[in-house]
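The two complexes that follow have subunit A in common; it is paired with subunit B in the first and with subunit C in the second.
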Partner chain A sequence: MATHEHHKVRRAGRWFDVRGRKLGMWAFALNRIAAIGLVVYLYLHLVVLSTLSRGPGSWDAFVSLARQPYFLLLDVILLAGILIHGLNGLRVTLMGFDVGVKKQKALFSAFMLVAVVALSAAALKIFGG
Partner chain B sequence: MENQLIQETMENPFAQEPKASSTWYWQAFTGVALLLLLGLHFIANHFIATGGIRDFADVVSYLRNPIILVLEVLFLVVVATHAMLGVRAIVLDFGISDHAEKRLSQVLTLIGILTVAYGLWLTWAIIH
Partner chain C sequence: MTLLDVTLQIFRYKPGEQPHYDTFTVQVDDTAHVIDAIDKAWAEHDHTLIFRRACHHSSCGSCGLRINGAEKLPCITRFSEVWDGHSPLRLDPLRNFPVVSDLVVDVSGFFQRMSASNMSITRDAESTLPLSVEDLDAVVQPKEVELPDNLSRFNRFENCIECGICMSACPTMAVDNKFMGPAGLAAIYRARQKTGDPREVAHLLALADGEHGVWRCHSAFECTEACPQAVDPAGKIMALRREITENRIKKARR
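Up next, the complex of A and B:
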């Protein structure tokens, strides 16, 4: 039983291992890793927002912290996750409706290029004020 | 059919026998909606706001705008739905039984409802 369960975990964990895999597997792994990160962030975000219910003192103290450069770096990482997952998810949706199936690799590359450009612009905005 | 297609395009080595799934459509629909709602949320709260984040008074006046309130509540419902469907899809890759799948769906539905309820309570508390 323990071996069977161990096998299941190994099988489901295979998508973390992208060594020697094609671009599609990289896209799949990136999509899922970003998804897990975003779900964790969603609940962290809700916890942070709970300070709003304690009034201006609590929230404005957090705002001061959130404007620190190291915190802004976390914003850039968050935005990277959103762009990777959002654009990759859009590609998967298009595939699901038979749009651009034959060009899916080019579409993935193009969307990731858009993500890099958008992230660079956003990082300049975030750190540039 | 769509699951088979996704299996091919994403090279998902774990997807089992393809079967029509309304959850896939909901995942796609909420995902596209999120591109718009999250975009609006991010721009309004982090790019337009002075200093990249709103102070307390600014948050309260922002949420008291009825149009913003509707959009933020919609965002909350859509993001919670998308997140729970996503977690479900990942757990299903472990090849769980039908009974476990049913129980998982119930638990994730409950977590999603609690998440939305908490968000609504928090919004109400902030506005008042």
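Up next, the complex of A and C:
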């Protein structure tokens, strides 16, 4: 007797395989992608903050880099991760209290719509301001 | 009736050999179910093809597998639902179970989870073989069987055919093989609804509240989506979470 796919990391890859799956699985996969992105950001943020220890020159150089348009795009991506993970987390919390379970797909769509609207407004502000 | 030439791409595995896919082309009519094509592949091409099936009408739950990646019962899945008319139809065994051979998996883990709740899957009326004519009457006449007043609240679980499809569809099962799984937790919910005995309720809720219980579920709802019998395991998991949380709040207030 053998397992079809026995490697744990390989099996975790199924988290992102949404082929033939329904909206709840998309929500599940998006939440994980956003979470991984936010963890990576957290470490990058700590690395960036460590430039402060090298004096004002290093920090000022970083700030001027951070004002470049391509860097601002990273801000928009970060905000997308926060909105997706936060709002989807709220949906999962409601589910955990047995609230709106039958409407979980509609709730996901509604929260993602809120995320898109908020992200669009934020992107306009980031690039326009 | 139109005849279709269907190509099946079937996962093959024999102990000691490398897994691979074999391709078989069979002719079926346009109203055929996928199980009919698998039967023909076995009959016309390869008698070593191992698969499971019995009732042909979604009652035994034995034929569950994945059709183009999605969990289905091939006995009730028509080609019109899953086949695009030209590409090979890929058939894989259920996930999250050890593969015994080809499309057959070892489902003993599924039944171990079900037994954790001491849940009798079949109704009381069906669980005892008749020993006499009188007993037979008692079994076949619903009025003789004592059913709870609130049957509608939990009778969906009675529809569980133990096919294992929910466990295959669940993404949490992929990384936690001790997770009680959708059907196991739905069985706990069903057993909890059945009893008013505080000790039994406490035992069942403690089981659901364990390390590999309801909190391991990540709300993907794939179990509910894939279930061919509308048991709604994810809904039951959420209901258990609610009761556990309410009990904790009550306990903290005391």
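Rule of thumb we're sticking to: the second predicted complex is superposed on the first by the 122 of 129 C-alpha atoms of A that agree within 3 Å, B and C clash if a C-alpha of one lies under 4 Å from a C-alpha of the other, contacts with A are read in each partner's own complex, and residues count from 1 in each chain.
Just so we're on the same page, a residue touches a chain if its C-beta (ideal position, glycine included) is under 8 Å from a C-beta of that chain, and two chains touch if they have at least 3 such contacts.
The structure presented is a predicted model; accordingly, all values stated were derived computationally and were not measured.
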item: Which of subunit B and subunit C A:49 touches, first, second, both or neither; value: first
item: Subunit B versus subunit C as contact partner of A:19, first or second or both or neither; value: second
item: Touched subunit A residues, subunit B compared with subunit C; value: B
item: Partner chain in contact with A:89 - subunit B first, subunit C second, else both or neither; value: first
item: Which superposed partner A:66 touches (first subunit B, second subunit C, both, neither); value: first
item: First, second, both or neither for A:28, with subunit B first and subunit C second; value: both
item: Partner chain(s) touched by A:103 [first = subunit B, second = subunit C, both, neither]; value: neither
item: Footprint overlap on subunit A, where subunit B in one structure and subunit C in the other make contact; value: 8, 11-12, 14-15, 21-22, 24-25, 27-28, 31, 92, 95-96, 98, 101, 104
item: Complex contact set, residues of subunit A against subunit B; value: 8-9, 11-12, 14-15, 21-22, 24-25, 27-28, 31-32, 35-36, 38-39, 42-43, 46, 49-50, 52-53, 55-56, 59-60, 63, 66-67, 72, 75, 79, 82, 86, 89-90, 92-93, 95-96, 98, 101, 104, 122, 125-126, 129
item: Complex contacts: residues of subunit C adjacent to subunit A; value: 11, 13, 15, 19, 68-70, 92-93, 95, 98-100, 105-106, 171, 174-175, 218-222, 224-225, 234-235, 238-239, 241-242, 245
item: Residue ranges of subunit A in contact with subunit C within the complex; value: 1-5, 8, 11-12, 14-15, 17, 19-22, 24-25, 27-28, 31, 91-92, 95-98, 101-102, 104-105
item: Subunit A-touching residues of subunit B, taken from the complex the two chains share; value: 2, 5-6, 9-14, 24, 28, 31-32, 34-35, 38, 42, 46-47, 51-57, 59, 79-80, 83, 86-87, 90, 93-95, 115, 118-119, 122, 125-126
